[in-house]
């Protein structure tokens, strides 16, 4: 007996994505996270921002700008590509690497704030922590995300969350940023609906999803 | 002796006729012959050719029975429509004495699938230093008339001259493997565009042509008979054409693979395409076909060169040179010469039977298909088309370059002096039945 | 990209740029305290060297270890190979040992191609130099070095850059791989050599030919000197070492004829005094040492791209640049 074969239990048609955050919301969220960082990191003296490719890099850059306004100082900003540390490398053809750029001062003894767009299974952050381990020895590592959609598969949590967004695994969360997508928005929809979206691809992060 | 009545066969591609074979000869030819034979064969749509004669076969026995024996080699020959083959001298020991050539000749008699005419070495041990006892080999039971160091070139000009002169005493012929040794040191394939790209040592056309040019001049000078083995280049064709125009007694052969394949195949680095002389260019292939068509090249000779799997299942550089060819020769000739309109079946009979028999002075082969002649015949089905399957070969080796290739035609039956050696596409027993 | 790297001709422009860009990213690693990535953990790479080659073998080994692969060095010397074991049996042995990739250096042209096409082993085959045929990773590191000097930046090619390759082209696998790759990347290649050291048919290669080094120097952005083996002299390829050096050797005077930004490259090992004088070899324009460092990055990139992703039984779809919207979670 398999339930999915029951003719009466028809799946509802996929829902089109609907917007949960718009540009103004995102800007406000980034401002709030910047203030929280300054507050919790005691003026953000030793903070290093590291954006995780791809959208984490854009968000880190915005946070960096906001922090500069708040503190009047340039917070070191870098980027991190975690491809070589991923646990699902063998599920897809080898991917091109993005640029990892560690600020000139390095990360030793610093408070590294990792920045990413969506926190989901936690596997990306696990990979990022491994990468950091090979790069240096920070005083502490914190995590800032725009959206936490739940469904963690590892004991990882975010220190700064723009928005907690309860979702089902059937749903896809799409983050759009003007830097790469022309518009700022966060959308949620059924993953069948927007199969090319970032979250759709990883709605079941432990299963392979080969791009068409 | 079993008699055969062949119904509705097209002699050399002509109108359907019946042939009665009995007592080793062609007894009757006509339409609606009375059926009084032991075996009747429906040969509708089959072509009758005279039994083919190969001037160039490596039977490997004695010495390399892992690659081929006289028995397996002659069975393969029969399957290819041959009734006589010339067994090359590069065996172990080398066929450079009366004893060895008689041994090979006797093995051929025992095998019974086709006549084996041993070729004697020109020089002792094929070493190119000292003439072998050519006269003794001629006078032996094997009655050798063709002498060749094939695999190696008689490159010493004086030695070649002496050999050409010496064999005149018994109407012999020297069959030269034309390969200038210094120009082909480390040679792995035809020297040209492809060898340059693949980084494989080049075997330049000039290494063949320079020897042929020298040899035709030597043959003319001493008034002897020269046969050129496996001509492979357009330039060689030109030299032979010129020598023939002068009226010199020069003959030449081409292999089936040089009529079909080019050095582009080497790009795969698959040693099944490694052969000596090497596969040449498309221009050479066209020149060879034209030369065979106009008679500049007298004969198709297989250069059947069996090798065990391990000698080909390796990297190119260490692989052995050579291809098996007995069982595919007629199909390749059909594809390259008949289906292209360059030769009709009479022409095929001439280039694969009459002329090679004449060059080898085999009196019982290459005869016309007429009443009273020895019944050395092939029944060939030109309409057949199928992929070459090496696993079905009768030869002991599998090193064919045609594996999986669709080739036209198939030998249906072969008769050696009235006895079937192949019937219905299968090797026949000694009594001429399957 | 294909599953094997046998010839530089197998690489499309996108493949080549992907490798160079990946190598550029991986080059950063050499500046880190921990020069290691976990990417190929649990993968077995066999270095199958039938020819002595300290440089290439070491370079591959460093690259493999930096990617955390299990490395097995299988050298023909002192092994059953020297006792007459065939390439096939060696390959079957490596297959039985579970090799995910075989890096092969062989004296016979085509041996890696043979290995790649055979069913003797299923892993990726990486050509580390075969006879006088190809040496694709050398060409990649050469292109990487040229790009850094002549057109730096991810995604950049070598369009319009003029590369002059001097020396024994006939016997050079480096030259063959380079002419394929550099042409793919848009560079203009000129070979300079005595006619005896140029292969038959080279007029049909995508390159220019010159017998006169001095006339080509002013039109050169990268000058690559090929090693000339002394044993060629005995085979009458050229009369004497001295005459060769005079006509085709690189010296200080000739270096002055090069445009200001031009670099002098050498795949090594250099025969000083023969094809290159100490003055040139030790000058800041000579990239020979830099090429060695770049070799590790490029080989890491190749290993990662061939082995880091999913294993395919046959040629996978082009992995190229994955969609940028795709993230880990």
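Letters are used for the chains, namely A, B and C, taken in the order the chains are written, and counting of residues starts over at 1 for each.
What we mean here is this: a contact is a pair of C-beta atoms (placed from the backbone, for glycine too) under 8 Å apart; a residue touches a chain by one contact, two chains touch by 3 or more.
If you're wondering where the values come from, they're calculated on a predicted model, not measured in any experiment.
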Pair of chains ranked first by number of touching C-beta pairs: A-C
Of all other chains, the one whose Cα centre sits farthest from chain A: B
Separation of chain A from chain B, taking each centre as the mean of its C-alpha atoms, in whole Å: 75
Chain A and chain C, separation of their C-alpha mean positions in angstrom: 39
Averaged-CA centre spacing for the pair chain C and chain B, given as whole angstrom: 46
In chain B, residues with contacts to at least two other chains: none
Interfacial residue positions of chain A with respect to chain C in the complex: 53-55, 81-82, 84-86, 88-100, 117-124, 127, 130, 133-136, 180, 196-199, 201-202, 205, 208, 211
Chain C - residues contacting chain B, complex: 86-88, 106-111, 113-114, 117, 130-134, 173, 176, 199-202, 204-205
Residues of chain C touching chain A in the complex: 18, 21-22, 25-26, 28, 32-34, 36-39, 154, 304-312, 316-329
Touching residues (chain side chain B, partner chain C) in the complex: 188, 191-200, 202, 204, 268-270, 310, 313-318
